[in-house]
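Chain lettering (A, B, C and D) follows the sequence in which the chains are written, and residue indices restart at 1 in each chain.
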Amino acid sequence: MSVTYLEAIRAAQAKALRENPNVYIYGQDVATYGGAFKSTKNLAKDFPGRVLDSPISEDAMVGSAIGASLEGMRPIVEMQFADFSANGFNQIVNHAGGYFYRTGVSCPITIRMPSGGNPGSGPFHSQCLESVYAHFPGLIIMTPATVEDAYTLLLEAIAIDDPVLFFEHKFLYNRVKAEKLPEHFSFSAGKARIHRPGRDLTVVSYGVTLYDSLAAAAELEKEGISIEVVDLRTVKPIDTETILHSVANTGHLLCISEGWPWGGVTAEVVARVASKGFHLLDSPPERMNSRDTPVPYHPDLWLAHKPSIGAIAKKIREMLDW
Amino acid sequence: MLNSLREPESEAVHLGFQEQYVSAFKWMLLARTVEDKIGALWRAGKVAGGCYLGRGQEAISVAVGIMLKPGDTFGPLIRDQAGRLAFGEPLFDILRTYLGKKTGPTKGRDGNVHRGRPRERIYPMISHLGALVSVVAGALMARRMQGDTNFVGATSIGDGGTSTGSFHEGFNMAAVERLPLVLTVTNNQYAYSTPNERQFACHDLVDRAIGYGVEGYSMDGTDLKECLEVAAHAVRRARSGFGPQMIVASCVRLSGHAEHDDGSYMEKTLLESPIGRDCIKVAHSFLVEQGWADESTVQEWRLNAKMDVEDVLQRVQREPAPVPEEEDWNAFSSHLIDPDLSA
Amino acid sequence: MLNSLREPESEAVHLGFQEQYVSAFKWMLLARTVEDKIGALWRAGKVAGGCYLGRGQEAISVAVGIMLKPGDTFGPLIRDQAGRLAFGEPLFDILRTYLGKKTGPTKGRDGNVHRGRPRERIYPMISHLGALVSVVAGALMARRMQGDTNFVGATSIGDGGTSTGSFHEGFNMAAVERLPLVLTVTNNQYAYSTPNERQFACHDLVDRAIGYGVEGYSMDGTDLKECLEVAAHAVRRARSGFGPQMIVASCVRLSGHAEHDDGSYMEKTLLESPIGRDCIKVAHSFLVEQGWADESTVQEWRLNAKMDVEDVLQRVQREPAPVPEEEDWNAFSSHLIDPDLSA
Amino acid sequence: MSVTYLEAIRAAQAKALRENPNVYIYGQDVATYGGAFKSTKNLAKDFPGRVLDSPISEDAMVGSAIGASLEGMRPIVEMQFADFSANGFNQIVNHAGGYFYRTGVSCPITIRMPSGGNPGSGPFHSQCLESVYAHFPGLIIMTPATVEDAYTLLLEAIAIDDPVLFFEHKFLYNRVKAEKLPEHFSFSAGKARIHRPGRDLTVVSYGVTLYDSLAAAAELEKEGISIEVVDLRTVKPIDTETILHSVANTGHLLCISEGWPWGGVTAEVVARVASKGFHLLDSPPERMNSRDTPVPYHPDLWLAHKPSIGAIAKKIREMLDW
């Protein structure tokens, strides 16, 4: 028996629906169809009246979740693709985001954001928008990379009293597996994790590039280079402490994301380490991102658009030669 | 003129109507009074930021507000002072918010029309027009999921706000879900300086009701009697399971868009047209005609409203402003605070 | 059934109608043929990403496409293969885009339905539904500002797409500006798996026309004759200054939402209803009944379509894919490139 | 005679309308009323049919400008407040932003974004959104601070073949003045400027905080500290070269913005300097931003929400003590 990342997301939603009568799911094609990626498969049948198809109205989907949360509900909104959240942008950043600060009343909604690239998905079904939303006050931004995190962070997202944007990576849906789902766990949003300990250089990443980083680390190990890989897990808040601790041990930082380069997670991480951990650094902190263009459709272009394992390894070798 | 897509049951002046009318009129007076005061404070430089008043729209607003019961949901817009008061918002909230007091519902973090009491189901608006429609709809969905019955929600929008995508998505969703939502479209002929003909091309905004599959009414927003009748009818229909109700009320904004705007671009003839009347004057005459009040009674009510406002204002003015040093710069209600950003 | 808000002039089968009908039918055959081929390529793993076909919607799409003249603007949606061809999009564009060829209009940077030729006024769609309505409207505003006359623009939307705020804002703007925009709402009963009753609550989407203040028509989208008549009328009205035209066409999607979807959630009875007919079969019978073509002629047309598709496919398959090393990773057309990001 | 920042914006539009028949202005209340801030005052009268009131439809306003630009027009869209661009977000980032990369056809639109805080403006009329839009490919982001730049950069924005978001700061409208508008100038988008030369520390800023930085520099001058102040002018592209050149001279970097702290301009600038100019730095590069909450309404809270002159001076003193 094994569980995929996608199944973990479905299982977390089923558990939340089962244990809390105030949880419901709202989104396009989530009911009978079970969602474009089948992440709500069977849930409408198992929880009648609590998994509802919405019109193609991202603004109103989020707005309605805000209203329902004020009535004590714990709505889960599924965006069909994170890219379409652009149409719900105002409700997310301006309505949900500032609710607590402006009114003193919290707005516990969870928005599921199927994110990231797949070959052939193109400019409008591939985006990594975590950095855009993280810029706004009041939104918690989760970016699980592992099956376990997909499960526990989603449960935590639903439990948290603030709006949470849950960036699940589509490329991982059926590609990563775990033996089984954790039964005992404590919530840990906002905490990064040393995914792979190492001595020589710290790679900070999350989502799909975590795996590319691990693959590069495995390659470099053969050359005697020991890489520590930190999985951010939550990009807002960022766990600066864990990052600094790692950099203190290695003296080198490379931050990697599939998102666009201007002002995203990698800029934030590098800026923090440069400010707070300047004296820990033995070489300039570096970052890698996808190219500053729309995500291209053709699989070959797509591969060249984002940081590859080879490019990561090359960058690390250069950094350590410095 | 009552012009609905489905004919409402005849709304004769029913038992209790006089009482309701008088009560509504008093809220209108109070709303006008407190707004006149806020305008004066603004001109005296005592109110920071914009100052958006509801002069001329009190009848429409109060009619909806007064029909709501405790437990119902209200999502008021810019010019809904009268409806807010009728639904139960304390005068204190208004003045504390306009004066930015720490004691107010937003603690000075937001101002003027952005106040509310979510726990008591008065939803604070964000500025982005149309955004509240789906929020109120979602609250009603939640009530239904929770097994509640006998509740309605009301919210409003201006002629300009109907051009927003948010409005469309929210109202369509309410129609699909057949929610007990009463939506008032207050057509005051202008959105800021933009006249109706640059905003929409249909004859009457109530023509949109059929396209959403909801019941719609078009009414004279300057006549409190008609406003109360239509609002009573719409709220009752919504409460009884007939789905969303759309009320389109015609009137004229009796000031500029805000206190900084003299409204000089407005068609002068509008004010001489029937919908250019001051709803408070219309109601005043009606009360006297009906013999429900004489001049001196109305005069007394006005005085009471003035005294109430003055009294609350005196107290609020002595209340403290927010203290930056004590401010909790944290937008999260959960334990998750980023130490790097909260410093 | 022709059901318009304002009665169109009677559209008898006019001179040249036979020619037009036949020509439209051939485009429909070509569209179906190339889509069948693309579906097969997709199933064979030769098409990356999604594969959204227009089976069953050819009559509606071609009717609009064929009424447009060079110089008009067309903003096609997902299932507008037939209209694209009729308006002049080369078969090459379709296959090059689906196969991600460097030679295609997007050079492999975007795929499938996102192709276009902006300079020739075929606008590429972005995925976000509803977004093209205002873009086409803006192009028409520009033409008018530039002093052009005698032009129209057409675009389409699905039943699901009408729930987007973009659609509402764009179409309302077109109505306010009284632009020559023909909007086709293709109601194929589903948006992906979501049926009409979870999407809107009005009786017929054409009920929205009056709310925008535009002329509206409701038609059977499986009958090419009716489609051509209504489209001709609407395009003529738009061209003659009667403002935006809304055509609501009913039909059934004859596949799943995309090739990965078997559509098993669809009501089985729909396919047996009048709007569940295959528009190509309906037109085929009509042609034969009218004596405009016999079976062998139709057979020949089908063959020609197949040969055309095969011929273009053969050539396109030999064309090069984009080469990552040669890719210009630059989203700016002006000289402003950020050296830090273009590296 | 003197010209304000607001008048410069009006003058640039008038010049563009006069010189190019394809220019037009579209926005709420821009015609008869002359715009909420009067930045299009009289233009509807002077250029009949070319300054048009739009419905309250930010999505369609931007969409229509895209369409018009494809027909050869040079539309200027005025957002009434930058904050309301949230409702036009999808058209800006997904439609206009990627147009050229996806189609090879350019999309020359200018969107004017009245931005930034004023006392009493509150959460929805004060936002600095330049960093949000800069994250997306294909958008040029201008942030003029001076009267001259408001004029020349706006003219350049209209001339540029790409979509330009022009973040004009409302606080500056009537507060900054110039003798007169430049008559002879060459376009210079993408180039930063040393606004004030100095020896001891580089402050990089733009918009309203440029003035706070200058005031802090003046204060520190009395203490013998010499601050170089760089005005970014355009935050995408960022002129890394000019920044690095300045840091090479001073050895210290502080980047200041009125925007929110997570992942914005300051993170991007600090990350670039940390990567490319690590060896130039004599102390950790630092940044200052507004607080990570909605912009508060009360003038006292508002002042405390953003970097103050005093706080800037204090920070610099600390940095130079390091």
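The definition used in the following text is that a residue touches a chain if its C-beta (ideal position, glycine included) is under 8 Å from a C-beta of that chain, and two chains touch if they have at least 3 such contacts.
Computed from a predicted structure; not experimentally measured.
**Q** Could you tell me which chain lies farthest from chain D when each chain's centre is the average position of its Cα atoms?
**A** C
**Q** Where the centres are mean C-alpha positions, what is the separation of chain B from chain D, in Å?
**A** 36
**Q** For chain B and chain C, let me know how many angstrom lie between their CA-based centres, rounded off.
**A** Chain B and chain C have C-alpha centres separated by 43 Å.
**Q** Using mean CA coordinates as chain centres, what's the gap between chain A and chain D in Å?
**A** Distance between chain centres: 30 Å.
**Q** Multi-chain contacts only, two chains or more: what residues does chain B have there?
**A** Residue numbers touching two or more other chains: 106, 109-110, 114, 126, 128, 163-166, 169, 172-173, 176, 198-200, 330-331, 338, 340-341.
**Q** At least two partner chains per residue is the criterion; list those residues in chain D.
**A** In chain D, 54-55, 57, 59, 83, 86-87, 90, 94, 97-98, 101-102, 123-124, 137-138, 236, 262, 276, 291-294 touch at least two other chains.
**Q** Just say which it is for the chain contacts: an open line, a closed ring, a star, complete, or other.
**A** Looks like everything touches everything, fully connected.
**Q** Quick one: in the complex, what on chain C touches chain D?
**A** It comes out as residues 105-107, 109-110, 114, 116, 118-119, 123-124, 126, 128, 131-143, 145-146, 165-166, 169-170, 172-173, 176, 330-334, 336-341.
**Q** Inside the complex, what are the residues of chain A that reach chain D?
**A** Chain A reaches chain D through residues 83, 86-87, 89-90, 93-94, 97-98, 101-102, 123-124, 131-132, 134-138, 236, 260, 262-268, 270-271, 273-276, 278-279, 281, 283-287, 291-294.
**Q** Name, in rising order, each residue of chain B that touches chain C in their complex.
**A** 163-169, 172-173, 175-176, 178, 197-203, 205, 207-214, 243
**Q** Per the contact definition, I'd like the list of chain D residues that touch chain B in the complex.
**A** Per the touch definition, chain D meets chain B at residues 28-29, 32-33, 36, 53-57, 59, 83-84, 86-87, 118-125, 261-262, 291-294, 296-301, 303-305.
**Q** Okay, in this complex, where on chain A does chain B touch?
**A** Of all residues in chain A, those touching chain B are 22, 24, 49-50, 54-55, 57-73, 75, 87, 90-91, 94-95, 97-98, 100-106, 137-138, 140, 160-162, 189-190, 236-238, 240-241, 272, 276.
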